[in-house]
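Each of the next two complexes has subunit A plus one other chain: subunit B in the first, subunit C in the second.
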Partner chain A sequence: MAGLLTIILALGAVGLFLALPGGQARAVRAGQIGLAASGVGLLAATLGWLFPWPGANFFAGCALVALFAAVRVITHPRPVYSALYFVLLILAAAALLVQMQAEFLAAALVIVYAGAILVTYVFVIMLAQQARPLVHDIRSHEPLLGCLAGFLLLWSIAVRLFAAPVPPAVPAADLPAAGTVAAVGTSLLTTYVIAMQLAGLLLLAALVGAIAIARRRPLRDPLLEGEE
Partner chain B sequence: MTNQTIQRVEGALRNPLVLVGVGAVLTVPAALVLVLAFPLYRGLLSDPFWFPLLVMAAVLFLILNATAVCILAERKIAGFTQDRYGPNRVGFWGLLQPVADGLKFLLKEDIIPRRVDKPLFLLAPCLALIVSLVGFAVIPWAGEVHWPWMEAGTTVSTQVARLDIGILYVIAVGSLGVYGLVLAGYASNNKYSFYGGLRATAQMISYELPLGLALLCVLLTTGTLRLEEIVNQQAHSGVWYVFVHPLAFLLIVICLFAETNRAPFDLPEAEQELVGGYHTEYSAMKFALFFLAEYAHMITGSAVAIALFLGGWAPLPFTSWLADNTAWWAMLLKFGVYLLKVALFIGVMMWVRWTIPRFRFDQLMRLAWRSLVPLGLLLMAAVAVLTLFGGQRVWWAGLGVNVLVLLGVLWWAARSKQPMTGRQEDLPPVEFGAM
Partner chain C sequence: MLGAYVLLGAVLFVLGLVGFVVRRNLIIMFLCTEMMFQGIIINLVAFGRYPLAGAPSFDGQVFALFLIAVAASEAALALALVVLLFRHRRTLDANALTLLRDE
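Take a look at the complex of A and B:
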């Protein structure tokens, strides 16, 4: 099992390396095909005929969309499209969260990421649009190291995941209540109250910092001052 | 067809009797088929999976047609406000104008300018429409219904999706609505469109904050995010939340105008400044999709506001009439009441459009950040304190807090002696950078 996973992940890493912008056009196409193959292989290995469980199809569909979007985020030469693929990635991830009964987390992810942060990104990208693509849009920075690091991370997670003992099944009665707003809110305000307050403080500091950076200072007009 | 025939048909359709006759010819057979086929789909009506799907289909059909009627209503109301007739050529009293408009949109040449970003140019109107349509899923149209042939005590819901996150779903979907406008502005490769898109982004992000704050006030009172629960509470107690939180209702209505880009917040498509804003380059059906999206957004938004503040399907305030009635005729009545409320709400939105002139952009931002956000924060803090002492369900306590906050804000506004909308500021020459 671990060997199969290693092969799939290595295939994915090589494909991603080839698909990253900057290489030869033919290599890019080959890389994309390799990527698609390894993505499908990964899904088939993880689910379906190996681990048939209710909802596997839904998971596979959303995961495929998420994988495709994630690859396009870093391989698309135009930043606006990258940002939009990121939105697609967020939506697919939110769908996966809904499948895990974490509805609140899904809604928060969509509201915060897709609804606020990425809109600002798109906004900035559009304003900073150049007449022709820039060097760092065409050519990716350190593709080899990046792919290697990603491969190592995913590989270690996957191998550990399959080596770990299967946790006991959660009773079905406890499932629906776990991700509700009430449950999340209660744990945020009791168990994790200090962490939440700290995060709030950090956000406040960031807000003050943003205002300090954006604040404009009246320009001294030497002509007017000369008269005094 | 010759010109003469066309004129004859036009003349005939202006006769109300002919119009009723044509309507009857179209609807009576359909109704007959529905009645005759009743045993076939009886099982579906009492099925907890299929019934919401049927409701979804019915509501979608209703809303897509309602948008057409809305456009006629808008033009009629505009006509009345400006002391003219409005559309009155097609059909009796202009009633067939939506049909003519629809045909025009479908048959016009579909122009895609050469230098546009084609995929995004095509994606934008679809996104706008999809986002404004999927919000309907959580609206509790008519509560629970018990069909006579069902087992006693069982009911089916007229809500498509009964989500635990209810209102959060509406916000999440609504926060995606800005992409349609931004992409349209960007893909058009046109400076006016782009400005429209930028304005839309800034406006919608800014007005989401007071919207969220006002929602929090209601949620503190209801203790649940489920829209069906919120409507049930109001229907049973008879106290609609508009009586408890009038200021929050006001905030939400203002934000609704801003989120739907309606006058006085229609800066993204301000004709006098930006030609047509983000939809300058759009024509034919793609333009119509933006139009549909705006009206569908209005209907969703007002339906949510009604569920939160105006009792949803509850027909009368201060009584619990119909609250526990799950008969099928009560369901139809509740549905009718809900639609009537939505229609009235949209009527008010159209009325406001011709009453209040458009804001300047700095006024728009000042209104959001210097007036609505502080007011929302104050209101939320006050309601939170009230909740701390357990008074959130006592309606006069909520109303009292609102009156206190309003008096405080008015006192502060009178003291500061600055008009809320402000004068155009004299901007001194500035340089960017940290202080």
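Take a look at the complex of A and C:
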């Protein structure tokens, strides 16, 4: 099992290295094929390990969409398309949360990310969008070392995960599914009420800080000007 | 069940990490931090839904809500900084910001 897992993850790492911006077109195509094979192999290994499982097909579909979108976010040379693929990733993650009976969290995720944060991202991208792709979008920074580090981290996690005992399955009836919003809200306003106040304080501080930063005039620092 | 979700969360986290290290566009780098948050949110909810011991609880979902609040704060500040840096340098290249680098 560990050997098969190593091969799958190594295939994914090599595919990601080839598919990152900066390679030749043929290498990018080969990298994408390698990545697709690795993702399907990873899912097959996961589902085979956990067989039988009622929601396996739904999980596999959502996970494939999420993995594809995540890879395209970090390999696409145009930032606008990266942001759009990030919306796709959010939607797939929200579907997975619905499968885990976290309906309120899924709705909050879509509203906060796909709504507010992505609109802000697209706004910034419009500010900085150029007609032609720029050199820092079509060149990567140390892709070999980055992919190697990612492979080592994921390999060490996955090998330990597959060696761990499978926890006992909890039937869906055991979760108090009726009104998850009410249950989450009760937990939020009783057990974690102080943490929720702190979260509000954090959001206020971030708001004030963002306004303070954005209102500053660009400095005419002689050191900065002279360096260029 | 738990293992599948945890593995997917780990893959998303690692993809975000690789993207953060490898890409040179500041906006893509911040998208990658949000991708790492996604992996952690999936992990938290999965551990709450399929606990290793005891009954399922909503604690994981509550933690994930706090994580969303932190992510929103981080995105607001980071984008303000990106706008400021862009006005300074007229570029989003992370390799152009070398003022503190050891030569």
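The working rule: the second predicted complex is superposed on the first by the 206 of 228 C-alpha atoms of A that agree within 3 Å, B and C clash if a C-alpha of one lies under 4 Å from a C-alpha of the other, contacts with A are read in each partner's own complex, and residues count from 1 in each chain.
The definition used in the following text is that contacts are C-beta pairs under 8 Å (C-beta built on N, C-alpha and C of every residue); 3 or more make two chains touch, one makes a residue touch a chain.
All values derive from a computational prediction rather than experimental measurement.
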| item | value |
| --- | --- |
| Partner chain(s) touched by A:Gly146 [first = subunit B, second = subunit C, both, neither] | second |
| Partner chain(s) touched by A:Val181 [first = subunit B, second = subunit C, both, neither] | first |
| Partner chain in contact with A:Val87 - subunit B first, subunit C second, else both or neither | first |
| Which superposed partner A:Ala116 touches (first subunit B, second subunit C, both, neither) | both |
| More subunit A residues in contact [subunit B versus subunit C] | C |
| First (subunit B), second (subunit C), both or neither touched by A:Phe104 | both |
| Which superposed partner A:Ile213 touches (first subunit B, second subunit C, both, neither) | both |
| Touched partner set for A:Met126, first subunit B, second subunit C, both or neither | first |
| Shared contact residues on subunit A - subunit B and subunit C | 104, 108, 116, 120, 127, 180, 213, 216, 218-219 |
| Residues of subunit A defined as touching subunit B within the complex | 80, 84, 87, 103-104, 106-108, 110-111, 114-116, 119-120, 122-123, 126-127, 179-181, 212-213, 215-219, 221 |
| Complex interface listing, subunit C residues touching subunit A | 1-8, 10-12, 14-19, 21-25, 27-28, 30-32, 34-35, 38, 41-42, 45-46, 49-52, 55-56, 58-59, 61-62, 64-66, 68-77, 79-84, 86-89, 91-96, 99 |
| Interface residues, subunit A side, partner subunit C - complex | 16, 20-21, 42, 46-47, 49-50, 53, 55-56, 59, 63, 66-67, 70-71, 73-74, 79, 82-83, 86, 89-90, 93, 96-97, 100-102, 104-105, 108-109, 112-113, 116-117, 120-121, 124-125, 127-128, 134-137, 139-143, 145-147, 149-150, 153-154, 157-158, 161-162, 164, 166-167, 169-170, 174-175, 180, 183-184, 187-188, 191-192, 195-196, 199, 202-203, 205-207, 209-211, 213-214, 216, 218-219, 223-224, 227-228 |
| Residue numbers on subunit B that touch subunit A, as the complex places them | 120, 163-165, 168-169, 171-172, 174-176, 178-179, 182-183, 186, 194, 197-198, 201, 205, 208, 225, 428-435 |
